[in-house]
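Just so it is clear, A, B, C, D, E and F label the chains in written order, and each chain counts residues from 1 on its own.
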Amino acid sequence: MLDADTVAALRTCSAATLTTQLFKRGLRNVFMQGVRPLTSVKTPMIGAAFTVRYIPAREDIDHVGVFADPEHPQRKAIETVPAGQVLVSDCRRDARAASGGSILLTRLKVRGAAGFVSDGGLRDSPEIAGFDLPVYCGGPAAPLNLVLHHAVDINVPVGCGGVPVYPGDVIFGDGEGVVVIPKHLAAEVARDAAEQELLEAFVLEEVQKGAPVIGTYPPSPAVQAKYKEWRAKRGK
Amino acid sequence: MLDADTVAALRTCSAATLTTQLFKRGLRNVFMQGVRPLTSVKTPMIGAAFTVRYIPAREDIDHVGVFADPEHPQRKAIETVPAGQVLVSDCRRDARAASGGSILLTRLKVRGAAGFVSDGGLRDSPEIAGFDLPVYCGGPAAPLNLVLHHAVDINVPVGCGGVPVYPGDVIFGDGEGVVVIPKHLAAEVARDAAEQELLEAFVLEEVQKGAPVIGTYPPSPAVQAKYKEWRAKRGK
Amino acid sequence: MLDADTVAALRTCSAATLTTQLFKRGLRNVFMQGVRPLTSVKTPMIGAAFTVRYIPAREDIDHVGVFADPEHPQRKAIETVPAGQVLVSDCRRDARAASGGSILLTRLKVRGAAGFVSDGGLRDSPEIAGFDLPVYCGGPAAPLNLVLHHAVDINVPVGCGGVPVYPGDVIFGDGEGVVVIPKHLAAEVARDAAEQELLEAFVLEEVQKGAPVIGTYPPSPAVQAKYKEWRAKRGK
Amino acid sequence: MLDADTVAALRTCSAATLTTQLFKRGLRNVFMQGVRPLTSVKTPMIGAAFTVRYIPAREDIDHVGVFADPEHPQRKAIETVPAGQVLVSDCRRDARAASGGSILLTRLKVRGAAGFVSDGGLRDSPEIAGFDLPVYCGGPAAPLNLVLHHAVDINVPVGCGGVPVYPGDVIFGDGEGVVVIPKHLAAEVARDAAEQELLEAFVLEEVQKGAPVIGTYPPSPAVQAKYKEWRAKRGK
Amino acid sequence: MLDADTVAALRTCSAATLTTQLFKRGLRNVFMQGVRPLTSVKTPMIGAAFTVRYIPAREDIDHVGVFADPEHPQRKAIETVPAGQVLVSDCRRDARAASGGSILLTRLKVRGAAGFVSDGGLRDSPEIAGFDLPVYCGGPAAPLNLVLHHAVDINVPVGCGGVPVYPGDVIFGDGEGVVVIPKHLAAEVARDAAEQELLEAFVLEEVQKGAPVIGTYPPSPAVQAKYKEWRAKRGK
Amino acid sequence: MLDADTVAALRTCSAATLTTQLFKRGLRNVFMQGVRPLTSVKTPMIGAAFTVRYIPAREDIDHVGVFADPEHPQRKAIETVPAGQVLVSDCRRDARAASGGSILLTRLKVRGAAGFVSDGGLRDSPEIAGFDLPVYCGGPAAPLNLVLHHAVDINVPVGCGGVPVYPGDVIFGDGEGVVVIPKHLAAEVARDAAEQELLEAFVLEEVQKGAPVIGTYPPSPAVQAKYKEWRAKRGK
């Protein structure tokens, strides 16, 4: 599980700032493309990744009867994702059919999942849009998953929105979208990102007061000194 | 025209449930892709399809003068679509130019059309977004239709959002998008979809109360029995 | 700078009407594709274009150190765009990474720019969405520009959203999107578009009262006469 | 039918030169996009357009039984396209399934058609590649048309490769691709394009001999004079 | 392994005919999209599928050092695919980087594999184009796999070119492309496809002799009788 | 100009090997996407980049008259690119219209350019395909550049096929495609790539003789020793 300090630090961060910290560590492809928030995001979604992998559907295998199977990976994932984790669905970036709907996502919420992320579609989207659960997807899509997607694996490494996702990676989502933080970097990235957010809060104040971007962002030595005072005042 | 029972049943349904019923009948491609609601949808759009077909525009034919022609198919469609029907425009999924604007859609509303659907763009979209008429399109696009689209036919079979649409098919739209129901299946699909909605309302209650998805959705014999009681209580 | 009459006329216009006037003058490609408003647009954005050009980033050149350079074109553009002008960024229609964020756009606002337009992404989009500044982009994107974009030139002719933009062209934006008006046509297009808006206001009233589109839009001689009276009453 | 002079002139032309002549007449969208030659083109394909229109397939309608119907539009088109004309198929630019195969194209050849053009796929492509018939398509695709395409109309105006095609328009194809020449412009465009080809043959000779492009192409008065002599020598 | 009769029958078939037989059994999505032959195909590629699955690469994991690991899935797959089988790589349809090159494919050939299929790219493509091994891919791409692709699994169900591929499915390739035949259908599909090829050979002869498509394809009772004789003569 | 050793080394290399050397130096985006050889490539194209930049065309500016202007950037570039250099055209990856044709490319050849590269289209492609000049483009396209492209700058940094190109960078092309080598890395990349080619020639021999990939590629210490001998025999 994620340690409390990391979670606390991440709570103060934005997806944008996290991508900067990952970029500084040589990771350029960490923001899911084409995956957007469906529910309104008040506080960031933060949790370890629990994945489901889909392949293209085949008419003779993917009939409505499959859901009677208690081992069906999509349903099983909903029932086994640990509380506090984020269910991540790899639908090969094909959002023309759903990777879930209101009943499955209600169950996910009841079970205490931290959120749901898919690069496929979601059905019952108008209803889900009102859920108090962070939900991200490739777009609304009424057709059930069987039309295009066959759930095949649980908790294996996948791609989602073009980004690699390994089980246990930290999935962060805000109103902008979803960032994947490799497990082993989570603590230091969270710490440095929180620092960066503090500096940017100061810089924003300066800019609002009329400071030019050049010299302030990044800060010149003089501005850095001013920032130290600003921090001190706030006891940080 | 659509019979009252079918309309009444469809009023209780969602696009998602209708795609499931059509999938059970072997129809997999019934949800328009890339066609989204522009107006806020309170009650579903339900009506028979009345179509307009567009081909690519040609500079020497498609000049502003064409609208003076009372036979211009786009304008004529607006004036001839029967009340209660849905005007469906096939723009070859090219939303870079408009297939209508606020004046034409106002007329459509005055004439009592059930709604407007296009896989092309719509201009005056900020104004139309406030209309009390179900409107679905490929996106906002200021350029007039003549830039890319030439209206050529009225009420012929077309494609819209990648889905076949035959005049008279039932067009259903909700906040998720648009489903096309073949005329001859409308009554049975509506009936079975309404049934499915009832079951899913029960299942949702169960899941909200803590029932697992497996065994509840689809329901085990025990859950089916419970559902029978639930229905009975509601006198259904 | 734009003359007051042109600005006054443009204030009464929509993007849609402007594309019609430009189409009448043989210009078909004037509406930016894939560039959407991020902030809510109450009054139109109107200003001369001031441009920034980006090329694909290169790992050895585009590291976080570059922003320390006071000559960095992105930062320099923010500090040099004249008040009342619109900053237009050509990101080759690649919205997977940002072309700006909340600090740069705050500075832009403080400096009195008329707006910001990019066919790349924007980071901090949830925060920017609340800004009282017209902002248009290719979509939200957390990754910083360095991941994909290298700012290389200021105020050269560029393409944005597939449309040619020459420094000084008039950039107009409303809730639908962005239109580019060649400098030398701005005055006449604004005048004729304002005229067209007046006629369409009348036509809309007529249609709301039950007039058919055919004969009213475009107006027959009889309707034109009625329009003259309507205008006269309004002292126009 | 096309008059002999027009055909004779077109035989000396390239697709490139024809697009220039059409551009001079205000037509910018005349070259089919995504439609490539499948057979090796020795002499240009020249013929009047005879069209077939497809819409998306529907599972319950588009079963293998349909081909037993002598009125099936795809089969009927093959049997009714007049000798010397080009069969143009509008498949909505979807090349994932076929719009024909070796048997149908063999029949087309036996019947004396001038060629086959489709923005859909073609099956049996390795075999067809060896045919002595001009064939253009969106690419090889083994799946039969019924998987995606439903033939619905014969000889109506269509779009193909994004270009409007009206029955009777002149379809020209060479090793580069397909150009659509509006019927009423065919004679003058053919004449002027043949003239342009002659000039470009001269210019090419000059450039091969070392003449710079500037001054030669377009030709300066001096070079024009030289060209007159060159033509005279050739008795043209 | 595939039984000899099935292989013998498939040797007489084309990808097109196989898709028809699969379509008759309700399978519509069996032809890989965007996967083309790189080598010249004289006789069909026929073999059971052995798969490799890739996810997006991550900079800190996918460095050149990984190939020293004898367990690296890409290299291991090359060394473990049984003779007579086809190696199928799922690269999420991203052909911007390679999924193999001349050394790996040479080894594959030496080891007796039946062929190589990928929806990713291939490097050293000019060299491989001359190989006497059936090779299909998404296109030439010089960049090594590590730039975009991380090999993660061997012989699991995957998608390739948008088609589901289960280990052991029969992979068939000809000059047109690749068809996936579900294992359990291979024998009957092969038998019926071989039958269909025989009928189509007869039909083609008839059409070459001047028979119309209608009545011949599909064959009327009379033509069927004629076909029986034709077959008899050939002792089939 | 490029030093002789670098050119000599590059002559022994492939695009694939060069991308590996650049990847080892942290450069992942060096191979042009969607840019393919139009002429048959016998020996690699090697030369410094000389660029032309295009923006979208505007109808009132981009008429056929522009070519009379001796300063027109497209024509001027053809006349000023130094012998031995490669002309690189940035057409914003839009290959629907041409960025050159047979006359301009003939002049380029006469002037001794090392090759032509464009991410736009080329017209007269069947003729150019036979040229003895390395030519790479986004595909055949008959329409003249004015339909979509406006040449605006010469020899500025550009993007081509998604890759940054700075004037003077080394442009390398073989039958696979085009790699861009940053000027300051050319010498060392060429040297190390030539070394890699030698090792891979040895490895390929070993694999052809039956050596497994694992242990051979990359080579184990034992295989490295064997390689040293192999090299020694060849006096390298």
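Worth a mention:
Assume contacts are C-beta pairs under 8 Å (C-beta built on N, C-alpha and C of every residue); 3 or more make two chains touch, one makes a residue touch a chain.
Computed from a predicted structure; not experimentally measured.
Chains touching both subunit B and subunit F: C, D. Of all chains, the one whose CA centroid is most distant from that of subunit E is C.
Subunit E and subunit F touch with mostly distinct residues; of the residue numbers seen at this interface, under half occur in both copies.
Comparing A-C with the candidates A-B, C-F or B-D, the pair whose contacts agree for more than half of the residue-numbered pairs is A-B.
Averaging Cα coordinates per chain places subunit D and subunit E 32 Å apart.
The distance from the centre of subunit A to the centre of subunit E, with each centre set as the mean of the Cα atoms, comes to 37 Å. Per-chain CA centroids place subunit B at a distance of 39 Å from subunit E. Each of the following residues of subunit C touches two or more other chains: 28.
If the chains shown are joined wherever they touch, the resulting network has some other arrangement, not a path, ring, star or complete graph. Under the contact rule defined at the top, the touching pairs of chains are A-B, A-C, A-E, B-C, B-D, C-F, D-E, D-F, E-F.
If you check the complex, the residues on subunit C that touch subunit A are 64, 67-68, 70, 75-76, 78-79, 96, 98, 101-104, 106-107, 110, 123-126, 140-144, 146-147. Considering their complex, residues 25-29, 55-61, 92-93, 150, 152-153, 156-159, 162-165, 182 of subunit B touch subunit D.
Within the complex formed with subunit B, the subunit C residues making contact are 14-16, 18-20, 23-24, 28, 30-31, 33, 36, 41, 174-177, 179, 200, 203-204, 207-208, 210, 212-215, 217-218.
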